[in-house]
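Chain IDs A, B, C, D and E follow the sequence of writing; residue 1 opens each chain.
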Amino acid sequence: MIEFLQIGLDGLMTGVVYAALALALGVVFQGTGMLNLSQGELAVVAAYIAWSCVQAGIPIWPAIAIAVVASAALGTALYQGVVRFVPPHREDSLMTLGVTLLLGLNAIISIIWGTDPRGFPSPFGTWVVHLAGLRLTSQQIGGVVLVAATMLVMALLFTRTTFGLRLRAVAQNPRSAAFLGLRSGLWLSAGWAAACAVGAVAGVVAAPTLGLSPAMMTVPLLMALAAANLGGIGSRVGVVVGGLIIGVLTAIGGRYIPGLGGDLNVVFAFAIVIAVVLVKPAGLFGRESVVRA
Amino acid sequence: MSAPVVHTEPTGRATAPDIRPRYRTPGFWTAVVAVAIAVAVPFLVSDYDLFNLSRVAAVAIGVASLNLLTGFSGQVSLGQGATFGIGGYAAMMAIRYLEWPVWVALLAAIAVGALVGFVIGLPAVRMGGFNLGLLTIVIAALFPVLLYRFSDFTGGQAGVTLAAPAFPSPTDSLTDAQWSYLVVLTLLVLTIAFLDQLVARRTGRALSLIRAGRILAVSNGVDVERLKLQFFVISSVLAALGGAIFAFVLGLVVPESYPLVFSITLLVASVVGGSRSWIGAILGAAMVVYLPSLASSVIPGEASAYLAQLVFAVVLGLCVIVASSGIAGAGRRLASSIERVLRERRATAPPTPPSTTREEIR
Amino acid sequence: GCTPRAATGSDAQSADDSPIVIGASWPQSGPLGSVAPGLAGLEAAIAAANEDGGVDGREIELVTADDAYDPARLVENERKFVEQDGAIAVVNFGGISIAGREYLGQKQVMGVSMAGNSPLSDIEAFPMQRAFWPDVSWEAQLQGKWLTEHAPDAVVGYIGFNNDLTESHLAGLAAQGVTPAQVAAVPPGTADLSAQVSQFQAAGVDTVIINIGAPTGGATLAYMDQIGWKPTVFLSSTVSDFHTVINISGPGPVEGAYSFEFFKDPSDPRYADDDVIAQYLDDMEASGHEKDATNALALEGYGLGAALVDALSRTDSFDSEGLLAAWDSFDGTENPMLRDGITLEESSHGRVIFQYQLSRFDGASWVDEGEIEDVRELGIVE
Amino acid sequence: MSAASSGSPAAPILSLRGVGISFRGVRALDDVTFDVPRGGVTAVIGPNGAGKTTLFNCISGIYRHEGDIALAGADIQHLRAHRRAAAGIARTFQTPTLLDAESVFENVLVGTHAWTRTGPAGVLLGTRSARREEREAREVAWERLTAVGLAPVAHVPAGALPHADRRRAEVARALASRPRILMLDEPAAGLSAAESDELLELVAEQGRATGMTSVLVEHDVALVMRTAGWIAVLDAGRLLATGAPDAIRQDPAVVAAYLGTDAEVAA
Amino acid sequence: MSLLEIEGLRARYGRVEVLHAVDLRVEEGSIVALLGANGAGKSTLLRAICRAVDTSGSCRFAGMDLDGRSTATVARLGIGHVPEGRGTFTDFSVEENLRIGAISRTSFRSRSAVQTDLDLIYETFPVLREFRRRPAAALSGGQAQMLAVARALLARPRLLLVDEPSLGLAPLTARDLFERLSGLRDAWELTILLAEQNAKLSLAIADRAVLLSRGRVVHDGPSGDLATVDAIHADYLGGGAGR
């Protein structure tokens, strides 16, 4: 039983990274209607920026702050420099653009920082908590707190301010939004900035566990996609819960379902996601959008 | 009934626009010329180039199958590479373990492709864009893992290889590479002719309706699920065929050939080439085959591989931005605007009779 | 000879002074982009040889191409090397070399791969293909043998990739009667193994064999250290160097780990004063690759280059056949990448390295434990 | 298609029995029961949100609904939407929905899907019957297109049409499906009085020629009174009244709920 | 000075010009009915004022030149637009749609002011209050039309451009709406440019009527005049001004 709980807990902690990345995916999806496949790579950039700052002698927390801000700036730049030239509402073009950004960012990361994997210090120190036979590392606890805080900030931003409303309006119907005085360029880049800031948190939370390498977010991105489907990409709580569930299901599946093991463990999680979306296409927390004649 | 305001040129037609026979469309003749050139190519270039061209042709079949799915029936798949790979494995294993002849092995690949298409298609046609994206990306991600997992069966890392060329030249006057290229080219042309017919007329219109929205489609009598499933299966069949041909060209199948990235690359090729165009499929395939090595050959020095990747990404990005309907779409637009300019120049020469001015046609 | 420069001494005569062409298709981008320094080492070795007058007055021309670890591109590159550049040998990295061996066989061109994958030992079916690293299963047998001798009751957990390396490794262990109680075979890209570690712990694992590269191996060791779990650790030789593991985990978590090693690590402080390494570092710098010089993979690529130059210096004819014959006749040949006392040897099955030095990480450096072991003498290889 | 393929001429072409539907608590239709007489124009009127469009959606099978619907005596409530379209139920949409990138002609041509039969295989092989059918479809589409007056813009992309022409294109598309029942959802909205009269006249003419029945949802009461032979009034999802135009005009409940003072209704 | 002064305005879609040198003035506080047959260019004129199509020519709003400004800026200057096809945010709830209408009102007092206006809107269209939590996509055609008009009103524009507001409204509701608009003109100092097929409804509240034909203004005068103009331009109005 302890083992089951411990493995579930480990999965939950792994899921934190998925959750953070899925949150970023969700923000950019709500804010721009784009499924941004380069979100993982953007998170990697943030992690490298933080790492470089640490190398330059900046303490870890300011370094992380710099990475978050720089990511937001990068997001804005990407929107203004690239994304806005692609016709919106062209799902496949936007997705291809995401792949293009992924390849491009990956190349830039590799050129600037090299492909050699590196260690990344945990900003939370290296202590361990034992509780009722279960074990949590400082990194795991800190990651949870950081991601929860990010989710909270996003929730406040989206519900307490008109930020979310503007973002969604511009994404959903740029023409009508313009008639109401919303500058779509401004808000779309704001959406990108917010998403990239969230992505930066994902990168910084992931780096100490996963190590820094240009490909570090490839698998988490896949999981984050599944998380977004499971929870409902339109729901901030949904994507986070989705990420955690995916983490747990993957860990449990790998351990307890015969024949899955460490490589097919994702099958269990994915099968459940697919079953859920077949029954509830908008995901667990998503709201079905009404289509009527 | 009062006629509508028309701000474009009047057609003045009194009857339904004719169904133009294929041989009267410019596209048909472009295709004929292209095929003629393609047939002449093996006698002009080296075997090495033919190998690459054969790869392009095989990948083009895969991209075309994806065009059918994405461009025409509106289902974006991120997993076509897996089906492509399944076709390759099916054909190679049929030859290697069952010792079936090559052509029968191709049929086996087709059958397996149909089965896979049906199994994936059943849930897929019930899913919308985002969910379908996940389903297909999962399939693409799991495929290589499964290949390793069942390595007794699939050969694991060593994969399955052919001991002899799949399409050996029957005559001494052609090298194996030349012959194989011609065979692959023929299959590509047949595939495209097939697809071009398939999306014409009534089915083509049904597909437009489906892309425009479910309610519109069913209100016009289109059985959306059924048609989508049919197209999912056909698309898988062609992907499997392309994969089998690709495997024959390469002479082997190994898991590394079919990572998730490959599936995504196929989608990129489809979009960049032009997902509603068959020429686009070939252009897209040529792009993914040639551009990476081209980019690495023009960029010398340290870190060249990643600069090359960056160049690749920039070129893709430019294509997506400049030509939102793909390179083929941009080409078509360019051609039609040239045509229009020419036409206008011709039209402005003689004084236009007043009875045909725009205002008058109401 | 011990450096690529040794080649200069060759006294074989040839009327021709056109360059000898060798092709290298290597992952420089893509999923294995991080192995690119191997190619840098290879280039440095060839450049050094050319600097010193080449082989028999002939320059060695190394044509390279990126294959992004994609078999189709590998085959494309090989075809280009062979058909357009006239290469007499083709060098690759890793398991996808399998994709090209059929073609090389047809064209009668020698292929050398830096890979421990067992299928590449099959020189009967593919007589033109050689592999530079020893077969992984041999090292696995050494580990198994050590375990049966020193810890017969060990409960073993194994962590590796879900590919044939793991299969070969497990087969090697099994040959020595060791069956891991727990196997975690994960796909490349998985980095968070905390659940697997918990599973190992719960199963009472006390010995962990890690054959998984950067960054996962290092991250896992760091995690194990943080949670205070200290089993006996075996690191496979190819994943025990500073770049792959120690720089990521930090030295502490690796302390006490064992590894059967055969190559040096330019980052290991113990080689700070090593002449051969100094020469290597100079050559890396001279060829503009100083950035990669501390990477063990670069040293291995350099070693591979030196071995090729050595073979060329001994060949009668500068073609594939001659090179292959020379390659198959190493005899106690020193090589810059190999640890002291280990040499390149001839064999009938294409591999050239048979000796290992059991090492233990003392917190700063790998230190030798006992004598060099030779898998041929131990009966692991005939 | 024959006008009286089944049932006696007196029998209703469409009968609704207890049709109802709810959306998350909103009872959009409740126990709607009435018959649509064969031939001519039947109007369905009612205030905004009364359930008129929803009724069309139920009849065309887009929603799963309660109750029974019979087309010419045959139950169709179990048929899926595309089967109902094939059975001869055509409609237009309240917000005109066209394939904006395609030409107007293509937009009308898609309407023929309902009665053409060629499947992918037939298209692929280009059989003689497939070609004949295609030719016929094009002729029908062209004829309907001309009838609504869109022939001059046949090759213009539908996205460029002004609002009123979009309505016409939709009507032409529906007519091209050779319907037995044509459901028009506010066809006159955005058209001037003369234009809508013309459009409705055209529909009526088609009805006389083919035996097609039209069901009209419209807020232009004068137009309704002029064209419809039979009127059903919905209010808040319930059937308020049915009857001939004169009777409806007098019905106090209808006047209160929908029509307002008599002045509004002056034809 | 008129609130809106348009001179020689041209608008084009791609290469096709559909407005040819339109001149138009809208006085502050007036209601101007824009009439014209199908395809005359009414919607295009409204879009041109909002800079939502390719335009040239002069267009001044409250003394400011609109040339070179974006649609969003024009909206922030105080021009509201109820577009053809409504353009509601279908995934938003009704109330979100309304609130987004007021999003550009930034004065610090606006919060309570918006609430007051919202209450007024709910009073006018009780059905919107009833459905305020539902997604706008669920609304019926007429309800959505009300929402579109209400949303534009909540922005408290100085100039409201309305494209066929009566579309899909039941007769009583349409009459109500027009009365309400006429009332708001005084209460909120609105100026309204009204493109409407239903000439009878719009002429009833309009001070002036402008008749558009094939992209040109063919009549511009007090709305009462249209009885006589009617005969001349019968075909432009499609056979009669009144229904």
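Going forward, a contact is a pair of C-beta atoms (placed from the backbone, for glycine too) under 8 Å apart; a residue touches a chain by one contact, two chains touch by 3 or more.
To keep track of the chains, here are their UniProt names: A, B = Branched-chain amino acid ABC transporter permease; D, E = ATP-binding cassette domain-containing protein.
All values derive from a computational prediction rather than experimental measurement.
Shared contact partners of subunit A and subunit D, listed by label, are B, E.
At the far end from subunit E, in terms of centres built from Cα atoms, lies C. Between subunit D and subunit E, the centres computed from C-alpha atoms are 30 Å apart. Each chain gets one centre point, the mean of its Cα atoms, and the points for subunit A and subunit E are 43 Å apart. Remark: subunit A and subunit C have CA centroids separated by 37 Å (rounded to whole angstrom). We define each chain's centre as the mean of its Cα atoms; on that basis subunit C and subunit D are separated by 75 Å. Shown for subunit A are the residues in touch with two or more other chains, namely 107, 110, 263, 291-293. The residues of subunit C that reach two or more other chains are 29, 31, 33, 36, 162, 187, 291, listed in rising order.
Of all residues in subunit D, those that touch two or more other chains are 53, 62, 93-94, 97, 160, 162, 164-165, 194-195.
The part of subunit D that touches subunit B in the complex is made up of residues 60-62, 80-83, 85-86, 90-91, 93, 97, 99, 102, 105-106, 109-116, 118-120, 122-124, 126, 130-131, 133-135, 137-139, 141-143, 147-156, 160-162, 164-165, 168, 173, 177, 194-195, 198-199, 202.
Only residues 29, 31, 33-34, 36-37, 162, 183-187, 189-199, 202, 214-216, 218-219, 222-223, 226-228, 243-244, 247-250, 291, 295 of subunit C touch subunit A when the two sit together in their complex.
Subunit A contributes residues 35, 37, 82, 85-87, 90-93, 95-97, 99-101, 103-104, 106-108, 110-111, 222, 225-226, 228-229, 233, 263-264, 266-267, 270, 273-274, 277-278, 281, 291-293 to its touches with subunit B in the complex.
On subunit D, the positions that touch subunit E within their shared complex are 23-24, 26, 46-50, 52-54, 94-95, 160, 162-165, 185-186, 189-195, 197, 219-222, 258-260, 264. Within the complex, the subunit C residues that touch subunit B are 28-31, 33, 36, 65-66, 68-73, 75-77, 79-80, 83-84, 95-96, 98-99, 102-103, 117, 119, 162-164, 167, 187, 288, 291.
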